[in-house]
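What follows are several structures.
The following pair of complexes shares a single chain, chain A, combined with chain B in the former and chain C in the latter.
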Partner chain A sequence: MVSTRRTASRRSESISLKAQRRRRAYLLVAPAIILIALMMIYPIIQTIYFSFSKVQLPALRTTFVGFDNFMRILNNPETGPLVQRTLVWIAGSVALKMALGLIAALVFNAKVRGTVWMRVLVILPWAIPSVVGANLWRWIVQTDAGVLNQTLRSWGLESWALNWLGDPSTAMFTVIVAYSWGGFAFVMLLILARLQGLPEDINEAARVDGANWWQIFRYITLPSLSGVLAVALILEIVSGMNSFDTLMIMTGGGPANATRIWGIDIYKTGFTEFNLGGAAAQSVLMFAAVIVVFSIYGGVNSRIARRQGEPA
Partner chain B sequence: MRGVFGTRRQFLTAAATTALLAAANRAHSAQSNVITIWVGSWWEPQVPVAQQLWAKDFPNVRLNIQALPINGYLDKFTAAALGGSPPDVVDLDTTWVSTVAAQGLLETLDKLVDKVPVADLAPAVWKASQFKGTQYAIPMRSGPGVYYYNKTVFDKAGVPYPKDGWTYADLLDLARKTTIPGQQYGIGVPADISDPSNVLTLFAPILWAKGGDFITPDGSAPAINTPQSVAAITFWSDLYLKYKVTPEGTPNFTTTRDIQPLFEANKVGLLTSSSNAFDTFSKNPNLKWDMVLSPDGVNRGGGWTMGVPVGASNPDGAKEFLVWLSQPDILAKVLNRFPANKKALELPPWNNPAIAIFKEAEQGARSVPSVAGWFQMQEATIVELQKILVGQKSPQQAADSAAATIARIISENK
Partner chain C sequence: MTAIPSIGRPKTAHDYAMRQMIGTVGKYALVYGLGLIFVLFSTLPLIWGISTALKVPSEVYAFPPSWIPTTLTFENFLLVVQNKNLLRAFLNTLIIASGTTFVALIVGVLGGYGFARYHFPGRNMLLWSVLFTKLFPRVVVIVPFFVTLRNLQMMNTYQGLILVYLMVTFPVAIWLLKGFFDKIPVEIEEAAVIDGCNLPQLLWYVILPMSRPAMIAVAMYSFILAWNEFLFALVFTNGLERRPLSIALAFFIDENGIRWGELMAASVVMSLPAIIVFSFAQKLLVRGLSDGAVKG
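Right, the complex of A and B next:
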C-alpha cells in the first residue's frame, strides 16, 4: 500500500517536473513567438483589414468600404494585361532558372578536375546583390554603348544589336535573362546536392545493361530528382511572384508599361498614388495566389509521397 | 497561480518593466537635444561642416544628419512617416511637396515665413514649396535647368556652339547637324519612368515654350491635350522618332545613368540638367564642355526644400534648424549644391563666375504644378510619352489618354 502511494507520488512529481520543463520551454520560446506574431501575423491581418478599407494618411484612419478595392481591380482594364505580363514573367524566369540550374548541376556533377572552382564561379552571380546585378546588366544591354551591342556590331552582327530595354518586345525577355542569371545558381545548388547523394552503382548497372546517357537521365536521374525539382520549382514561382528590385532598377516597369508586373504595380499604387487600401487589396490577391501555389505543391507532394510509400 | 509564462506576478512585472522602458524611451526622444535630418547622399561631405557650424550656435543640441541614397529616398520617408517614426526634418525634391503635403504628411510652416528671407529666395522653388497657398517647406537648394553642350561633338560635326537667345528651332537644327548616326547624337532625351524629374527637366520647358501645360492654371482640368501641348509633345517625340537625333536607347534613358556617361564619352552633344551635372563634368579634365541658357528662355526650376513631417519627435528644434540654415551666410557654407538664396549666391564659393549662368537661369525658371496627385499625373504623362516613342500611340492619342487620367486624378482629389 505504502509502495503504491510512493510510486503514485513519484509519478506525480515526474509529471509536475515535465510540466514545469514544458512551461520553461514555452517561456524561452515566447519572445520568438511574440516576434513572429508581431512581424508576420499582425501585418498580414492589417493588410487584409486595409484591403477592405479606404485608408487615410497620415494617421492610417480607415473607413470600411467592403469589396470596393477588389472591384476596382477587377474593373480596371489594365488588370488583364498586368496579370498576363506577371504570368509571362513568372513562367519565363522559372523556366530559364530551372533549365540553367539543371544543366549546370549535371555538368558540375561530373567527376573531373576543376569542377569545384567552376561551381564557385557559377555561384558568384547569386552572391552579387540584386541591385548591383541589375545595374550591371543595364550597363551590358545599353543600346548605344553597352558591351553586348558593341560586341555584336564588332562581329558584323549589326542586325542583332537591338534596343534591348527600350523596346517593349525585347524588354521583358532581357529582364528575365538578367533575373535568371542572378538566381539560377540557387537551383543548381539544390539539384547538385541531391545528385551527389545518389549512388553511382545504379547508373553503372544501367550502363552494363546497355542504357545510353539519355535513358539513364530519363529513367534514373530525373525520377530521383523529382522531389528537389518540385521544391526548387515552388520556391522559384514564389520568388518570381514577389520580384521587384531587378525590374524596378532595369526598367522601372517601362517602356510603356511593358515590364510592369504585379509587384511593381502594388508598389506604385501604394507609394505613388498613396492608395494603401488598393495596394493592400492587390497584396491580398497575390497572397491568395501564393497560397494556391503552395496548396498545389502540397497536394502533388503528398501524392508523390503516397506513391513512394512514405507517410504523406 | 502559475500560468504558461510563469506566475502572474512575474508576467505583470515583466510587462510593467517593458512599458516603463518604452515610456522612458519616448520621454527621452521627446526631450532629446537631437534634431534628426534626412537629406540626399550628395550632402555626405557637408555633414561635418553643418554640424560644426551648428555646434557654435547651439552647443547643447546635436544635429543627426542622415545622408540617404536617392533611390527609394521618398519611399523610405513615407514608410517612416506611416510607421510613426519620421525624421524631424526631411529634404524634399520640389516636385514631391504637393503630393506629400496633400496626404497630410507635412506640418504647415506658415509661422516660419516671417523668419526666413523670402525676398531672397528663388521664386520657382518657393512656389513649389507651397500647396493650396500654405507653406509646407523652406527652400534651401535651387535647380534651374540649363543646357550643357559637348564641344568635341560640335567640333567633330563642324557646327558652331549654341548661344543664349536660341530657340527650339535652333536646337533641332543643331541636333540634326551634330548627329552622325552610330557615332554621336545631337541631344540626350531622358524618358525613363524611374527618373520622372529629369524627364520633366527637358520635356516641361518645351511644353511651356510652345504654350502648352500639364493642367489649366486653376488646376481644375487637364491641359496636356490642347493643340499647343500636342505640338510640344510632337516636337519632343520627333527628336527620337522622326529626326533620330537622340540615341537609340532613349525610351529607357535616365539623365544620370545613361545620358551623362554618353555626354562624357563624346557621344551626345546636348543635355539638360541643373548644377548637378556641373559638379560631375568639372571633375573630368578630358571633357570639353560649356553651358547655355535653355531655348526660348524657359526652364524647369527644380530644387530641394526642407519640411517638418507630421509626428516628428522634435518639431520645435526642426523649425529652429530651418530658420538657422536659411540664413545666407550659413547656407552658402553648408550647401554643396546651388543655394536657393540670391544673397548666398553672392558669397564664396557661389560667387564663382563659372556658375553665374545658373543665376541667370533663375529668371526663366518655372515649377511644375503644385497640386494633389501630381505624382500620378506625371507618371501618367510619362508612360503615355513612352508609348509614343515605342510606336504604340500618336502624340494626340497619348495626350488624350494622359488628359483622361489627369482629369480622373483631379476629380478624385477634389
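Right, the complex of A and C next:
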C-alpha cells in the first residue's frame, strides 16, 4: 500500500490524502454496493414485507395480514410431508455426493500412471449444464424406450424395469442419483485440491513405522481433510435445500408431489398458484434455515480453530 | 497390504521386495478398477446422449438398444439448426450471457481492486456481504425479484435478465479478481503513480494487462453460469421472444411428444461451450469456488 504518513509535519496533508483515498475506495466498490443493496438487502426487506401480506395479482396490491401466511403454512397438512421430503432429498444427495466425491478423490490422488485422463472424464458431468443433465437422465430412465429399462429387459431382468420417474416410490431415488451424478465431481475437486497440498513424507514415515493403508487414512489423511469436508458438507446442504433445476425438469415435483421439495414448493406456490404472500413466507423460513445452517457451521468452525490453537 | 507367509525363517530382502511388488500391483488394480467404475458412471450417460443424437429416428427407440449407431446421421443436428425457436433461444442466451459477463467484469475489476488495495470502514462487512450473495439461495429471492422486475417493466427483457443473472456472477468476479490483485506487487503501481498515472490510467494501462489470465477465467466462468442458468430464466421470461436455451430445452416438446434424438443433439450443442470452458479453467474455478468459503 502506498504509505501516506511519513513525517509529523505532513500530518495535515496526510489526513486529506487519507480522505481522498477513502473516497476513491468507495467509488471503486460503489457498483458492488449498489448490486448488494439491490439484490440482497432490498429483496430481503421486500420478502419479509410480503410474507405478512396478501398479494393480489395482477396489480400486486398488498394487504397486511399479520402472521396469516405463516399460520397457513403451520396448519397445512402438506407441510409435514414437504419438510420430510426435503430432508430425505438433502440427506440422500449430500450423502451420495460426499461418498462418491471422497472415494473418487482418494482414487485419483494415487500417483498411478493414466489417472489424469480418467479424472478429466469424471469431471465432465459437473461441466455440463444442469438442464442437459436432467434431460439426459429423463431419457435414460424413460419407461418404455429408456436405455436403463431396455438393458434390464435384454438381460432378462424384466421385473427390475420400473417406471422410475412416474412411480412415487422410485422418483425421489432416481432424481437423487441424477443430481449426484452431476454434482459429486465438485466435492471430488475440493478434496483433491486439499489432498495434493498434503506433505507426502508424513505418510512415508508412518508406512516405515508399520502403519497400514487404513491406519494412514484414518489417523493422518482424514483428520487433515476435516476442514475441506466441512466446507463441502455445508455447501452441499445449502445447495440441496434450494435445488431446483434437476427436480423441476425431471419430475416437476411429481408424481403426486413425491419430489416436491422446498425450493419447488416456493416456485409453485408463487408462480403456478399465484400465492406470492405464501411463497414469500416460505422464502423467509428458508432464509432463516440457511442462516441457522451457516451459524452452526461458523460456530463449529471457530471452535475447531480455537482447539487447534489458531486464531478463529 | 498382503503379507507373504514366511514360516520359520527370517525375512530376507527378497521377501520385502516381493511384498512391496504385490502391494504395488494391488494398488494399481484397486486404482484402475475403482477409477474405471467412476469413469463409466460419469461418461456412460453422456455417451448414450451423443449416440442418440447421431441416430436415425427409427433406431432411437430400437430394442435392444445399440450403443453405437448402425447408421450415423447428422439429421438431428440439422433439425436443430433449422429450428427457428431454438435458434432464437440460442441467440437470446448468447446476448444475455455476454451482457452478464461484460457487466460482471466491470463490477469485478472495480470492486476487486477497491477491496484489494484500500482499507476503508465497512470493508470486511462488504466483502462478507458479497460472499453471502454468492451463497444466498436463489429460490428465496424469486418473489421480490419478480415484483421488482415488473415494477421496472423489465420482465421479459434482456436488461432484466442480465440484472438478475448478475447476482450469480458478480460475487465470484469480485472474489476471484480481488485474490488476483492481492498478489500483484504494489511497487509496480507505485512506480506508475510516480510517473504521473492517475487511477483510471493505472487500472487501464497497468492492472488490466497484468490481469489477463484472471479476467479470462472470470469471463469464462460468468459466461457459463449465465449460459446454464435455469430458475431465473423460467420465472422472468414468458413466451418465445426472450426465452433462453435452457428453458427451450427444458420444455422441448410438441404435439408428437419429445423427439429425443433432436433433444439430445440440441443438448450436445448447448454443452459444448461449457465443456470447453471447464476443461480450460478447471483449476482456477475450483479455487475461486472454494476460496470464498474456506477463508475470509
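Just so we're on the same page, the second predicted complex is superposed on the first by the 303 of 312 C-alpha atoms of A that agree within 3 Å, B and C clash if a C-alpha of one lies under 4 Å from a C-alpha of the other, contacts with A are read in each partner's own complex, and residues count from 1 in each chain.
One rule holds in what follows: a residue touches a chain if its C-beta (ideal position, glycine included) is under 8 Å from a C-beta of that chain, and two chains touch if they have at least 3 such contacts.
In this text, all values refer to a predicted model and were calculated from it rather than measured experimentally.
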Identify whether chain B and chain C fit side by side or clash on chain A in the overlaid structures. clash
Just checking: does A:248 make contact with chain B only, chain C only, both, or neither of them? Give me first, second, both or neither. both
Where does A:130 make contact in the superposed view: on chain B (first), on chain C (second), on both, or on neither? second
By the touch definition at the top of the document, which applies to A:256: first (chain B), second (chain C), both, or neither? first
Counting only touches as set out at the top, which of chain B and chain C does A:272 meet: first, second, both, neither? first
Counting only touches as set out at the top, which of chain B and chain C does A:60 meet: first, second, both, neither? both
Based on the superposed arrangement, let me know which partner A:68 touches: chain B (first), chain C (second), both, or neither? neither
Winner on chain A touched-residue count between chain B and chain C: chain C
Once the structures are superposed on A, label A:168 by its partner contacts, choosing first (chain B), second (chain C), both or neither. first
Stretch of chain C, among 150-158, 168-176 or 186-194, that runs into chain B once the two complexes are superposed: 150-158
Across the two complexes, what residues of chain A are contacted by chain B and by chain C? 26-27, 30, 60, 142, 144-145, 248-249, 267, 271
Residue positions on chain A within touch of chain B in the complex are 23, 26-27, 30, 56-60, 138, 142-145, 163, 165-168, 171, 248-249, 251-258, 267-268, 271-274
Chain A partner contacts - residues on chain B that touch it in the complex: 2, 4-6, 74-75, 78, 81-82, 99, 103-105, 185, 191-195, 247-253, 257-258, 261-262, 265, 267, 310-311, 373, 375-376, 379, 383, 386-387, 389-390, 392
List of chain C residues in touch with chain A within their complex: 1, 27-28, 30-32, 34-36, 38-39, 41-43, 45-46, 48-49, 52, 60-61, 63-65, 106-107, 110-111, 113-115, 117-121, 123, 126, 129-130, 132-133, 135-148, 150-151, 163-164, 166-167, 170, 174, 186, 189-190, 193, 199, 227-228, 230-231, 234-235, 246, 249-250, 252, 260, 263-264, 267, 270-271, 274-275, 277-279, 282, 286-287, 289-290, 293-294
Residue numbers on chain A that touch chain C, as the complex places them: 1-2, 21-22, 24-33, 35-36, 38-40, 42-44, 46-47, 50, 60, 100, 103-104, 107-108, 110, 112, 114-115, 118, 120-132, 134-137, 139-140, 142, 144-145, 147, 150-151, 153-154, 181, 185-186, 189-190, 193, 212-213, 227-228, 231, 234-235, 238, 241-242, 244-245, 248-249, 262-263, 266-267, 270-271, 276, 279-280, 283, 286-287, 290, 294
